[in-house]
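Working notes, structure below.
Letters are used for the chains, namely A, B, C and D, taken in the order the chains are written, and counting of residues starts over at 1 for each.
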């Protein structure tokens, strides 16, 4: 199988580093461009990252010697796909340019998420949303990830929405510092502390799951009709967002029905055997005090959503806890899984040489 | 004013240490007995505590030379009041014995909290519950604190319950390790981690606020009739429980009405000028990211409840964040404030010599 | 006593905030100017600091309404003294300008520390170095603090140097994040981690103590002639630098002689009863595992140097551990104590009005 | 190759868990016995460990169903080797019994380390010490690991001792909480704190490296003749001991000679291709601020010793920083590597069936 050439936008940032790591020896993709701001351009990735690489494994060999360029769709000619970890202050415009130039964008940024014809794609949850791409007018298409906080939550809701219908959801998050990038959260703000506010996060958490769980109707995606109330907090954890969930269903399930729905949940990535498809996509832990970032974060190489503590909710129906790896499942890993789905479904093809 | 002699039960534990600290030079009380388990009995407090004192100030002089005894109501003859920081495994029985021996118990333990004629007393919230003491058959009376997690929450709800009536409440806590006592939470469990479970905590959080906000009817306290759903979590914070709250009211208030209710809230402790009465009892912070344990915990010497982030809730009416010092306002400080109220209201008198 | 008007330079930074806090109601000083960069100038201190104040007490009332100005010696006419918490990138030049304008500078910056006629003043250690001020040619004088890391170490060495003479010293520091200012150390770098490097720190730690313990000879201060080897590390502590010390003496003392030297150590600040003079200046703790930041940092309101674990060193003579509050004793508190000494010794006088 | 049956003593503890993890699918060894205290005996490992497994990967399948027994050499008949993670309060006696019963012990406990005919074996450092086993009178032999703190330090010293001779060494450690086992260090002692004392640790650190770097002379191991001064500290790190080192050599090397010695260092494990031999055994990092636990701990699956910051020492010759994974290279991994060496060198053979 010929590899598809890809670009990584925002290659020096936190999400970008995860892209570099996870694309090492990828069976479908060959990283042809590493792109970042002017400060880094013209230097090799190894030089620039020597003191900035924050992933606890070495910089992959393939990336060390590559020369960083600035994002410029014209000079990214050989790329068919671009993984974007750009900051939202510039992502919107750059991503549009790339799409116009025929490069399909797999984005982690919020800018295009709520565009009516752009899917918030979670490969196990809503692969059928890919049909909306036909409604995008540009030759390259834009596909977004959801916000990292609600990624695992949405996966936990998907089989329940299908079977029982969701009416209302409360979310309380305890989010890792890596979610704010680097340098991100100052240590003086978070050591021995909790910060009960993350700018713009609750707003995203209250609308994105419904879009991800919605339906394509004509030229737009219509969000599911349930309501979410979110409280988002920063805690002294490196990687891994823990979210407490309370939910009310249209048809109240038994706990055994919920557990079964999670146990047998499987999606397109699993059926198609995509390289980064976690197996299982959802793991339910029986212990009284799980999931925990320390112990459960690496489940399925960071791609499995780990759930625990299903119990009755005195006001709504049920409550539980979800853990998701924010820079893998919640960002770079999910984006790569989305790209794998695009390849396998034929939405994207390597350029014929 | 003659000082009232008191005993501290469980004097070597976390809550006990706070009692020792906060009773130093107290205008109403003289610590006459320090009581703990057999392991410590017969030694001076200074000897026993040299490597176990975990409060960041010195052991007060008055306590250093006192010889620890085991809890025994007969040998605690001169005490009129006992502050109990005993572990719940023994607190129930010991406290009953003391009450039978005529010593009034101010307890931090859960054992008697839900007894129909025992108040969960929060001095600003429900001083009128003291009338139920007349229904206790023992010569000494038992008064309890609420669980530390819901102390601040209940204070934040009190003026709103009075004015608007509460219908439902969601609580999501991020609790400090000191709440588990010493040695308590192993560092391997909490460093860089979150534990989404605290044994028995949610159960208490879902029933105690209603009792505290309830009414005396005949020989029992009848709980207020709203429902609570609680998610309790342990985080890597030393002192200070942060709680996210979402609430629905019987009569939906404006945000300005809520802010005003908190601003003008004041109770018996403030009116009577009790030594440990915080002023104000509630402080609302305007900043977008407060309250935080690091910055707000010492407000009012740890006795003020600090609130922030009042904003609309998409499902219920309003949401906000509450911070309360768990070993001061949530334990020893609240207990001492309760005892001050008992003295000033004449429920307890120094023994005539 | 008429108060002396002072300016605080770098008022919005970490050290500046401590100055604002510690100068609240100071018996000698009245803060007349708060100075910071152009970004903050023209706004009130309260406005600028609402989300930047990181000290766990409120912004003092006196400072809230003051309008921040940029450092400009000409417009700081009424100030006799200026406390400088400026960043070293600009401190050198600004401090010189102020001194030329007749304003005496109490600096925390490294820029002038090694100037031959500028003392590194530690009020209990080398008050006699003030005579060198006469050799400075400017109408205002420049006095510096030592680096925060070696402040407590130098105090622990002072009485030993006097009695036994020091030959060699090994220092190994574990330093708090507040030492790097705000935003300073990114949380991704220090949560659950140790960083065994602090830029420029070892270089300072290896020469400043000798100057502080040196002698005025003619128009220069001649450093003491012992050698230091320093290893400086950043750890996940908020405030408080812990330093392990191994030392060899010219005349080897008994441990009892060292303990006695520390116990009876007292300096000019104690004799003159300066407002911020800690009493005692050195506290030796007998416990096996002290000092610790958590438990000992607030000793003497953060001004006492806490020592523990004196024991034989298998290679040199003795080893011990020193804890010092880096933003109080190691910065703002020490600077204010220095200023109090200047006032009391008559080096600085309020401007006659 | 027939697998050798082994027992794991202390299988439920921190080191025991690492043994279980690292022996999963081991090419030489088959775990035949899991042994622990009476509390756990009779239950399956999966049952007992459900809430006590603290390694961030699943309990291996092979271990889940195994029934735990108490240490009893008679009922451990099929085992040829036993890996001991027993607590030192009982390790000494149990290990002797096993050796008498013909089972060779690979121990992490301090009890037998300083016995004259028991090697402190570090497979790359002193494989020639195995010849002393012939002087042990029991049919099974006892081999110990060094203390976890000095494991990496000793490896960093080995090639330097061979080439230049060591005269004196200062060690300053910052040690992870996992080194104290579970529950081990209470979170109230270490969150945001440093504890400058670890019971018995400095004593071990000051004598074990010399024995490991010593020579077999007749029926005893004679320690190398240099001196060590150690300061041991506990910090808020989960895994990974960081040690600052200052050293003086008999023949002072150039920095390039030291770097070369480390770069080309290789030992028996590498030559023999042992399954857990790290390659390279030593990695020197060029960055100014490395090694760090967060970034470097997993190097060589936790078996590589990572060094950085080689620079001149103002008093001795050179200083540097060493990082070693305390529960892998400093305990279970090193023990397994030692056992692999025993197998490959023919000191231990599978029992003929």
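Operating definition for what follows: contacts are C-beta pairs under 8 Å (C-beta built on N, C-alpha and C of every residue); 3 or more make two chains touch, one makes a residue touch a chain.
Predicted, not measured: the structure shown is a model, and the values here were computed from it.
**Q** Return the chains shared as contacts by chain A and chain B, ordered by label.
**A** C, D
**Q** Where centres are the averaged C-alpha coordinates, which chain has the largest centre distance to chain D?
**A** Chain centre farthest from chain D's centre: B.
**Q** Between chain A and chain D, tell me the centre distance in angstrom, where each centre is the average of that chain's C-alpha atoms.
**A** Taking the average C-alpha coordinate of chain A and of chain D, the gap between them is 40 Å.
**Q** Round to the nearest whole Å and give the separation of the Cα centres of chain A and chain C.
**A** That gives a centre separation of 47 Å.
**Q** Please set out, as single numbers or ranges, the residues of chain D touching at least two other chains.
**A** Chain D, residues with two or more chain partners: 54, 189, 191-192, 236-238, 288-289, 294.
**Q** Show which residues of chain C lie in contact with chain B when the two form their complex.
**A** Chain C residues touching chain B: 50-51, 53-54, 56-57, 191-192, 238, 286-289, 294-298.
**Q** Which residues, counting only chain C, touch chain A once they are in their complex?
**A** Touch list, chain C to chain A: 14, 54, 177-178, 182-192, 236-238.
**Q** In the complex, go through chain C and note every residue touching chain D.
**A** Those in contact with chain D are residues 168, 170, 172, 174, 189, 191-197, 199, 206, 227-229, 231, 233, 235-238, 242, 244, 246, 288-295, 308-309, 313-316, 319, 321.
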